[in-house]
Amino acid sequence: MNKSRLEAFSDGVIAIIITIMVLEIKVPHGEEWKDLLPLYPTVLSYIISFIYVGIYWCNHHHLLHTVKKVGPGIMWSNMHLLFWLSLIPFATAWMGDNHFAPHTLILYALLLMMCGVAFTILQQVIIKCHPSYDPAMVNVLKQQRKKALISVGLYILAIPMAFYSAVLSGSLFVLVAIIWLVPDRNIARVLEKESD
Amino acid sequence: MNKSRLEAFSDGVIAIIITIMVLEIKVPHGEEWKDLLPLYPTVLSYIISFIYVGIYWCNHHHLLHTVKKVGPGIMWSNMHLLFWLSLIPFATAWMGDNHFAPHTLILYALLLMMCGVAFTILQQVIIKCHPSYDPAMVNVLKQQRKKALISVGLYILAIPMAFYSAVLSGSLFVLVAIIWLVPDRNIARVLEKESD
Amino acid sequence: MNKSRLEAFSDGVIAIIITIMVLEIKVPHGEEWKDLLPLYPTVLSYIISFIYVGIYWCNHHHLLHTVKKVGPGIMWSNMHLLFWLSLIPFATAWMGDNHFAPHTLILYALLLMMCGVAFTILQQVIIKCHPSYDPAMVNVLKQQRKKALISVGLYILAIPMAFYSAVLSGSLFVLVAIIWLVPDRNIARVLEKESD
Amino acid sequence: MNKSRLEAFSDGVIAIIITIMVLEIKVPHGEEWKDLLPLYPTVLSYIISFIYVGIYWCNHHHLLHTVKKVGPGIMWSNMHLLFWLSLIPFATAWMGDNHFAPHTLILYALLLMMCGVAFTILQQVIIKCHPSYDPAMVNVLKQQRKKALISVGLYILAIPMAFYSAVLSGSLFVLVAIIWLVPDRNIARVLEKESD
C-alpha cells in the first residue's frame, strides 16, 4: 500500500485546520484602528496555534518520510492524531474569546497533551510495523520522545499556573513551541545524512 | 487516464467534510467548565461522524488501490458517494443540536444507508470496469458486502428504536463502526500478500 | 514546468467549492421532519450545483490530461475559471434562500455562462500552447464547444423564462447538466483509445 | 527530503485561503438586483485579493520548481509566508465591509508588505540552501526582487493616499497586481529554456 494518499489526506486535514482558525478572528464592525484592539487575544491565540499545527505538520512530514508500508494500524493511529488536532481551532477560539481565562488555558493544555500522546502512539506503531527501521531514525524518535516528555511536564505545570497568571501559563506554551522549533535542525541533519 | 487526480479530489473533499464538522461545535460564551457541558451531544455526534468518515476514507483507499483505469462510470459513482458523504456534517449537526431526538437519529441512519449504497455501487462499477480484477480482491469486496448488509440491517433496526431510546439507537451506530473497524485487518492482510 | 501542482491546486479549490456549499444548508432549530421541509429549495439548489461543479471537475480532468507543459497563459486561464467557479456557492445560496426567484435564477444563469466562457478560453489557450496537440483530442474539444454553445443558448433561454416559471427555467439547468453528463462517454472512449 | 508534501500542503492552504474569502460575500436577504448592489465593495475586494493570492501561488510554483532538497529552514520560511497569506481573508473582509475606509486600506497595504517580505525571505533561504542554484534562476529571482521593491514602494505610497482617496489608494494595489501579472512571462521563458 502506498503512503502518498495518507500523506495527501493528512496534508489536507492539517491545511484546513490551520486555515479555518483564521475564521475565528471575527471582522470588527468599526473601521478604525481602535476597533482592531479587542482582537489581540484572538490573534495571539491564533499565532500560537498556527505555530503548534505547523510543528505537528513538520514532525509528521519527518515521521512519515521513512515509512515504507501503510497498514490499518498506521492509518488509524494517524486518524487518531488528526482527531485531536481537529479540536485545536475550537480550543484556540475558546481561549482567545475569553482572554486566556484559567479553564480555557487548561483545556488548551490538555488538548495539546492529547495531541502529543497521539503523536507518540503513531511513532510507536510506525516503529513496530517496520522491524528494519533505520536505527539513526529510531534514535531521532527517541530524542523526540524526550522532548515530548518535557512538553507534557510543561503542559502539566501550565494547568495550576493558569489560575495564578495567564501570562506565565501562556508563556509555557510558547516555551514548548521553542523547544520543538529549535532542535528540529538535529533531526534534519540526521535525515539529510541518511538521504546522502 | 490516471487515478491520482480522482484520489486527490476525493481526499480533498473527505478532508474538508471531516474538518468542517468541527465548526458545528460552537464556541460557548462562558469561560467555565460548566459552559462546555451543553456541548456534549455535539461533541459525541462529532466523534461518531469522524469515525464514520474515517472508515469511508480507509475503505475508499483500499478500493481504489487496485484500480487501473478511471472512466466516467467510476468518476460519477465516486462523485455520487462524495455527495452523500458531504451531507454528513449537516445530519451530524442536526442530531447533536437536538440531543439525538428520534427524527434526527432516523435521518442520520438513512444518510449512512445512502452512503453505504453509494459505496456498494462504486465497488460494482469498479469490478465491472476491471474484467481481470484480482480474485483475492473480489473476495475481499464480497466480504465487505456482507458487512455492508449487516450494517444496513442495523441502520434499519436503529430507525424504530430511535423512538424508544436514543442511547440504544445510537449504540447501533457505534456497533456498525466497530464492525467496520475490526475486520479491516483482514482486508489489509490480503492486500499485503498481494503487494508481496 | 510540471502540471501536477496546477492539478493539485485546482482539485483543492474545486473540492472546497463543492463542500462549502453544504454549509449553506443551515441546520434547522426544530427536531421534527416538518422542520426540514423549508430546506427543500436550498437542498435542490445544492444538488444542481454539486452536479455542475462535478461536471466541471470531470471536464477539467479530461482537458488537462493531455497537457504537456504549463506556462503562465494556462495558469491564469485556469485561475480565471476557478474565480467564476468560486462564486457558485454564493449564487446557489442566493437562489436557494429565495425559492428560485427570477433575479436569482438569472444571476445563476449568467454565472454558469461565465464559467462556460472561462472553460472555453482555457481550452483555446491549451490548444494554442500545444501546436502538436493530438487531433483526436482537438476533435473532442470541438464537440465540447458545440455542447457549450447549446448550453449558452439554454442559459439565455432560461433568463426570460425565469420571470414566467421558476420550474421551467430551473429545468433548463437540469437539461444542460444532462447534456454534459451523457455525452461524456464519447470523450472517454476517445481518451481510452488514445491511451491504448 | 522530498518537496512534494511541502507543495501539497502549501497548495492546500492557498486553495483554502482563496476559497474561504468568498464566504465573506454574505448572501443578501432580498431577492432583487438592488439587494446585490450593497455587495459591490465586498466583491471588489474579493477580486483584488483573489488576484493577489493567485500571483503568490504562481510565484510560489515557480520558486519551488527548482528546489532540490527541503530542510527546516525552507519549511519554516514557507510556513511564515503561509501565515501572512492566511490573514488576507480577514483584511479583505474588513476592507470590503467598510467601503475601503482609510485604516482598512492601510492594514491591507501593511499585510501585503509582510507577504512580500515573507516571500523574499523564502527566496533567500532557498538560494542559500542551494549553493549550486541555477544562475539563470538566480537572475530571475533578482528581477523579482526589483519588482518586490517597487511593490513595497507603492504599498508605502498607498498608506498616506488612503486618507485622501480610497480610489487612488486602491488603484495602487491594482497597479502592483498588473506589475506582477505582466512580467511573469519573462520568468516563464527562462524556466522554459531551462527545461529544454
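We just call them A, B, C and D in the order they show up, numbering each chain from 1.
In the analysis below, a contact is a pair of C-beta atoms (placed from the backbone, for glycine too) under 8 Å apart; a residue touches a chain by one contact, two chains touch by 3 or more.
The structure displayed is predicted, hence computed values, not measured ones.
**Q** For the sequence-identical pair chain B and chain C, determine the rotation angle of the Cα superposition and round it to the nearest 5 degrees.
**A** Fitting chain B to chain C on C-alpha positions yields an angle of 90 degrees.
**Q** Taking all residue numbers used at the chain A/chain D interface, answer same if over half belong to both copies and different if under half do.
**A** Both copies, chain A as well as chain D, present different residues to each other, with under half of the numbers appearing on both sides.
**Q** Measuring centre to centre with C-alpha atoms, which chain is farthest from chain B?
**A** Comparing chain centres, D lies farthest from chain B.
**Q** How many angstrom between the C-alpha centroids of chain D and chain C?
**A** Spacing between the chain centres: roughly 27 Å.
**Q** Where the CA atoms of chain A average out and where those of chain C average out, how many Å apart are those spots?
**A** The computed centroid separation for chain A versus chain C comes out at 37 Å.
**Q** Which chain D residues sit where two or more other chains touch them?
**A** Answer for chain D, listing residues that touch two or more other chains: 8, 12, 15-16, 20, 23.
**Q** Under the definition above, what is the set of chain B residues touching chain A in their complex?
**A** 7-8, 11-12, 14-16, 18-20, 22-23, 25, 27-33, 36, 47, 50, 54, 57-58, 61, 65, 181, 184-185, 187-188, 191-192, 195
**Q** Touching chain C in the complex: which residues of chain B?
**A** Spelled out, the residues of chain B in touch with chain C are 1-2, 5-6, 8-9, 12-13, 15-17, 20, 23-24, 69, 71-72, 75-76, 79, 82-83, 86-87, 89-90, 93-94, 97-98, 101-104, 107.
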